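Order of writing sets the chain letters: A, B, C and D. Residues in each chain are counted from 1.
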Amino acid sequence: MQPGALSKALKSGAIWGFIVLELVFFSIAGEFMSLSDKAFMDFENMLLLLKQSAPIGIIAMGMTIVMVNGNIDLSVGATFAIAAIVLLDSLTWPIFAGLGDWVIPVSWLLALTTGVVLGAINGLIVWKTGVDAFIVTLGSMLGYRGIVFMFNGENPTSHLNWTLVDFAEAQFLGLHTATWFLLVVTFGIWFLMTKTVHGRNAYAIGDNREAAVNAGIRVGPHMMINFAIIGFLAALSAVVFYSESGSVNPNDGQLYELWVITAVVLGGTKITGGAGSAIGTFGGVIAIQLLRKGLGHIGADTSTVNLVIGCILIAVLFLDRQLNVKGKEELKI
Amino acid sequence: ETMKIGITQNNVGVDSYQTTYEQAFIAAAEANDNVETVVLDAGGDVARQIAQVEDLIQQEVDAIIIWPTNGEAVIPAVRKAHQADIPVIVTNSNIAEAGFDFVASFSGPDNITQGARSAEIMCDKFKDMGIESEAQIVHITGQPGYTTAIERAKGFEDRLPEVCPDVTIVETQPGDWNREKSQQVMEAFLVKYDDIDGVYAGDDNMGVGALNAAKAAGREGIIFVGATNFAVGYEAMAAGEYWGSIYQSPVDDAEAALKTAIDVLNGEEVPFLNYFDTPKITQDNMGEYDKPVF
Amino acid sequence: MTALTKSRLGGLVAKQGILIAFAVFILVFTIANPKFLTIDNLFSVVRSSAILGVMALGVTFVVISGNLDLSVGSMMSFSTIVVLDLHDKIGPLLAIPAMFAMTLALGAIIGFLVGYLKLNSLIVTLGMLSAIHGLTLTYSGGKNMDIADKEGTWFSVFGQGSLLGIPVPILIFAALAALLGLTLSKTPFGRKVYAVGGNGTAATFSGIRRARTVFNCYLISAACVATAGLIQASRSLGSQNTVGQGLELEVLAAVILGGASLMGGSGTIFKTVIGVLILGFIQNGLLLLGLQFYVQFVVTWIIIILAVWLDIAAKRGKLWSPIA
Amino acid sequence: MTDPVLRLEDIVKTFPGVRALDGVSLSVMPGEVHALMGENGAGKSTLMKVLGGIHQPDGGAIYMGDSQVVMSGPLEAKAKGIVFIHQELSLAEELSVAENIYLGELPRKSFGRVDWALLTQRTDAILKKLNVGFTAKTRVGDLSIANQQMVEIARALTVDAKAVIFDEPTASLTDAEKSVLFDVIADLKADGVGIIYISHRMEEIFKITDRISVLRDGQYQGTVETADSTEESVTQMMIGRKLDLSRNASHHELGEVALEVRGLSCGKLYKDVSFSVRRGEVVGFYGLVGAGRTEIAETLFGLRDPSAGTILLDGEEVRLSSPTDAISRGISLVPEDRKGQGLVLGMNCRDNMTLPQVDDLKAGPFVAEGAEVAIFDQYRDRLDIRTPGWKQLVGNLSGGNQQKIVIGKWLSMHPTLLIVDEPTRGIDVGSKSEIHKLLRALAAQGYAVMVISSEMPEVLHVSDRIVAMYSGKIMRTFTSDEVTEDNLIQAISGIETDQAA
């Protein structure tokens, strides 16, 4: 067991408490307000919940390690869109025509590589120029989006491959393909961050960059790897999602960065770095998806949804803080 | 037995057309005792829209109305609804042909025709003014990547050379459906081009933004043509500053979608492509139309 | 050249790296299109940057105090819609103070949550972004808001008027920049903002009321947003619900482009103004070049990173970062 | 004769406006403890940072064995067997003790996994040697500053070092931990490691070092054998003059009781504490780490709510709800942690110094900068703060000079009750005696002064009365006549068996 596991579990406790609260609320409210005869906590519905959490959730795992590292990546939405375009476009490239359905893994690989490269570019700029990651990725959020539009103008890029769709819609042991990916990625990032030297160094760098430098950790390459990881995961998210939907609009993935960051912070990661966990992020992602789903379930209209989501974000934060106060003895700062 | 109808809209709140659409839809549904609705908004996010379709299937609604965020990406989701024997009605902008098999009907405006009609309005006016041989226009499009924006631009750009071959479009830039952005774009155009005879904007919000820029710069005699006649556009027309637009009511749009869904559920025969008419409106004939409510 | 003047020059480059970046690309744009450097165009850019600029002034306080404000865009939509609606209902004279009061109330809520309850400002303001958007939609019923009598109102003066040939939005921006610049650099309050952002604990140990300082920063931010909303409403005398959407990131980009650190404790109003102008001129310059919008995206990316890079490279005296 | 493990030759290093090192040479023999001394800001830390690869020198060379080496970065220095224990804590608070000790070189298993078992085992071995009360898994952020310092020190034991640099390791240690440290140094020495030891505490220097090198204003003053020198001679090398170390025998009249504390408790931090401080009196607080002295100070400064008891200022019962409150009642606190609590590192010297009174220094609506500069100049001269000017960022000052800024900040408030918590941590001998004199002088002017210190000589030197604390309780209060080193130690150590539990 890694150090401080108990205190970490307690600190990310708020999000789980909140998830329970959401489930209870929407189940009860759903009885009165929903059209549907089906309960909110229907098993199928919960399976869907997991599946629908995947696009944001997979990226959020990458954001967790980047934020623990003391950085941020605002360009994930654009990376997501580029990877999707590469995936769908390359399915139709003449050079792959002879491959038959074997083009699918090739296209996947291409898309994932693109994600890694885009992420690594961000990381390289952060490393070499020393410009804050916020600015670098705010810039590439725009720049990468420009690249998206270069592919196909304003038009969507589409290629519906039913083999791919069937794979993406398949269920294995009851769970959807997307869910499996989400779970595997969550486990992978959890493993990376708690068990490996790379992960522990990520905490050290985010916590005290100077100390990490003094201790001889190669901070620059380390951060670049993490940016490559989030690029990879943004692309993986695109691969999983667009295999099913088969068409990408140049605007897709917009605002994903905000949702992803929200999920990560709700899950207990510090925006200043040094603390956070994949499990907490998983909770944050589920909480957001539950909220969206639940509000739809009880039939709230758009302005209400906006209002409620906003207030609830703040409420979770408040709850979290209340759970974490150490009591009266605390220093009042 | 009440009908449960679910709708997933594109991006409510992005402009007043969509918001008015949502309200008109809710109002129309409430006026009908046989109908109950679940109103969802995808916020422009295709993933969220697909999730919403899945949720509606899971909730076992009787029919699903979808205003696609992406006419192709939603096809697999629509297929799922189809497989679950839930009829799907597409509203406002159509889905791609590959999905037609899974859809009961489409109801909405024809954006390509709208663009073409705007070109005709513009051309006719130039002919009146006698400048059809040398007129230069600038084009302000909607948010890049939106089907409506793409289709209107396409309709306009294809039709204009047919009716007015000598009119040139000197530059096209997006105004993002946003009056302010459009005003900035127009300000730059005015600095850059000394001779601008016409402006075509993808909707009246942007058209009025461009108009504001021209007024502030003291440039007169520019012909402004838009689409989706908003109240601001209508007023500017009444003031003689804005030439014409396309009359398109979100209320009609919403009511048509609901009616189509009800018809389908009642087993009535509906045409597959159910366009509602969107006529030209200019300073000349505006008296025939009420001021838009949005 | 003596070593002394050389080092002084070096010092200047180090201090004003961003200013030099600014000058360089003004030069480039002017060569590319001579119309770029005309009075008309300059006025037009500064005038349309004024709205973003006024908001950036307020956000500068928030950022220096070590927090973020992502709600300014949707709050600006709110104040624009409200003042337009009230204009016809109670007249501009009452509408303006009423709108300011409502916007300040929103600012106070955020200030309370972040300052006194010490909640994470990123999430609080992200939440408020959404909540205020919902509020605006509810308030307006989702409809565009337009003043009925556009010709007959003096309300247009804030956005469209001019004084001595200078557009009023520019005057408002300049006056506010001067006022807030002095507040930040010269007054005790400004000093406290830096201290709280630089090291909140040490500030508390020095008897500074941290919560109150943060609260006041959000009030200032809200007041700036209200002013921006006023200019916006007055400029077009009508508005969409989404008029400010997405501006929060542009505003933040301007502030950070100006050299404020997201960690808090550093930045100045002067530099924010430069940041705002850089953004405004980039947008305008690229439009004048007539590049495709997506090429503009890419070029903007490159310029932003180059500008910030130059700025910090000048400060550290080395081009490449010393990070191993 | 053996070769030196390490030789620095003619090192030059300048910062904007400061020539921090001006041709410094130094050599360290295997098995030697080499002291590096000098006033605050003399350039000791800078020299070590050059050696540790953190700064690149502008001139000069570093030799290890026969060959010249270039320390391009900390990684390089570490690879060459140089371990650097920093003056300022350099720890990741969220991580465990073990991870911090092995920061940058966590043991690996397959798939890049951390070998937790090996890590814990190694760490436990080190911690056992250090005889500390925490475990490998404790979060570093939960440790006291002294214990965090011990974690830093533990790093010296992780590798086969050729040379170990200790930059003021004892500044926040108490005697018990100090003696552990000295054992560690003795072990390293026996293994033939070269040790550079920086400290301002003379008694340590003479106890453990073999040779002493002295810097003054970035210039090398020479190296002497410890055995051949005296405190006076070294001090003279450091400051260029003789130092008067005698206590100001200012036996002035004591005034009214300024502060009285009755039965004050704060949860488990301290219980039922009563004492009083009169105007003109210096009361020393002495105890082990965790005795609760800092918490009492924080309570008196409005930073903690007491759970019971009363505080009286000038005979009037008060509730102190915030530092603002406390300051307005004439209380000043020089906090224990200068970086975290005392200073805004990114702010300049002047602004830091006047921060608590910025509201009172006004010319119209603006801060009266002239008055601020005057205050800064006054305390710079009085405390001998070495900085190129008030515009220098505090973060760029040497550790000792930073501490002086904090002291100046609170002295300039002219408090009625001045509380100083470890006031001379990291301060050189010359300035230290100045500060002691200053504290006595303030008392003579009628201030009430509370001095919290873990240095017995300091407490004995400045106090009129000494409060001895143990584990949140006051064990005994001594007057200066009755106190001896022995009875003081006895009072603060409570009952031995308690600690074992």
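Here is the rule we go by: contacts are C-beta pairs under 8 Å (C-beta built on N, C-alpha and C of every residue); 3 or more make two chains touch, one makes a residue touch a chain.
Remember, predicted model here, so these are calculated numbers, not experimental data.
Q: Of the other chains, whose C-alpha centre is the longest way from the centre of chain B?
A: With centres defined by C-alpha atoms, farthest from chain B sits D.
Q: By the contact definition above, name the pair with the higher C-beta contact count: A-C or A-B.
A: More C-beta contacts join the chains of A-C.
Q: Taking each chain's centre as its mean C-alpha position, how far apart are chain B and chain D in Å?
A: So the centroids are 70 Å from each other.
Q: Can you check how far apart chain A and chain C are, centre to centre, with Cα atoms defining each centre and the answer in Å?
A: For chain A versus chain C, the centre distance works out to 29 Å.
Q: At what distance in angstrom does the C-alpha mean of chain C lie from that of chain B?
A: A distance of 33 Å separates the two centres.
Q: Multi-chain contacts only, two chains or more: what residues does chain D have there?
A: 73-75, 303, 322
Q: Please output the residue numbers of chain C that touch at least 2 other chains, ranges allowed.
A: Residue numbers touching two or more other chains: 133, 137, 142, 201, 204-205, 293-294, 324.
Q: At least two partner chains per residue is the criterion; list those residues in chain B.
A: 12-13, 19, 22, 144
Q: According to the definition already given, which pairs of chains are in contact?
A: Here the touching pairs of chains are A-B, A-C, A-D, B-C, C-D.
Q: Considering the complex alone, what residue numbers of chain B touch chain C?
A: By the definition above, chain B touches chain C via 12-16, 18-20, 22-23, 144, 171, 173-174, 177-180, 183-185, 187-189, 191-192, 205, 208-209, 212, 216-217, 230-232, 235, 239, 293-294.
Q: Chain C touches which residues of chain D in the complex?
A: Touch list, chain D to chain C: 16, 73-75, 301, 303, 322-324, 326-328, 333, 335, 340-347, 351, 355-356, 358-359, 361-362, 365-367, 409.
Q: Which part of chain C faces chain D closely enough to touch in the complex?
A: Residue positions touching the partner: 11, 182, 186-188, 191-192, 194-195, 198-199, 201-209, 265-266, 324.
Q: Residue numbers of chain B touching chain A in their complex, please.
A: 4, 9, 12-13, 19, 22, 26, 36-41, 43-48, 50-52, 54-55, 58-61, 69-77, 80, 96, 98, 143-146, 149-150
Q: If we count contacts the way the header does, which residues on chain C are in touch with chain A in the complex?
A: 70, 113, 117-120, 122-124, 126-135, 137-138, 142, 200-201, 204-205, 210, 249, 252-253, 256-257, 261-263, 292-298, 300-302, 304-305, 308-309, 312-313, 316, 320-324
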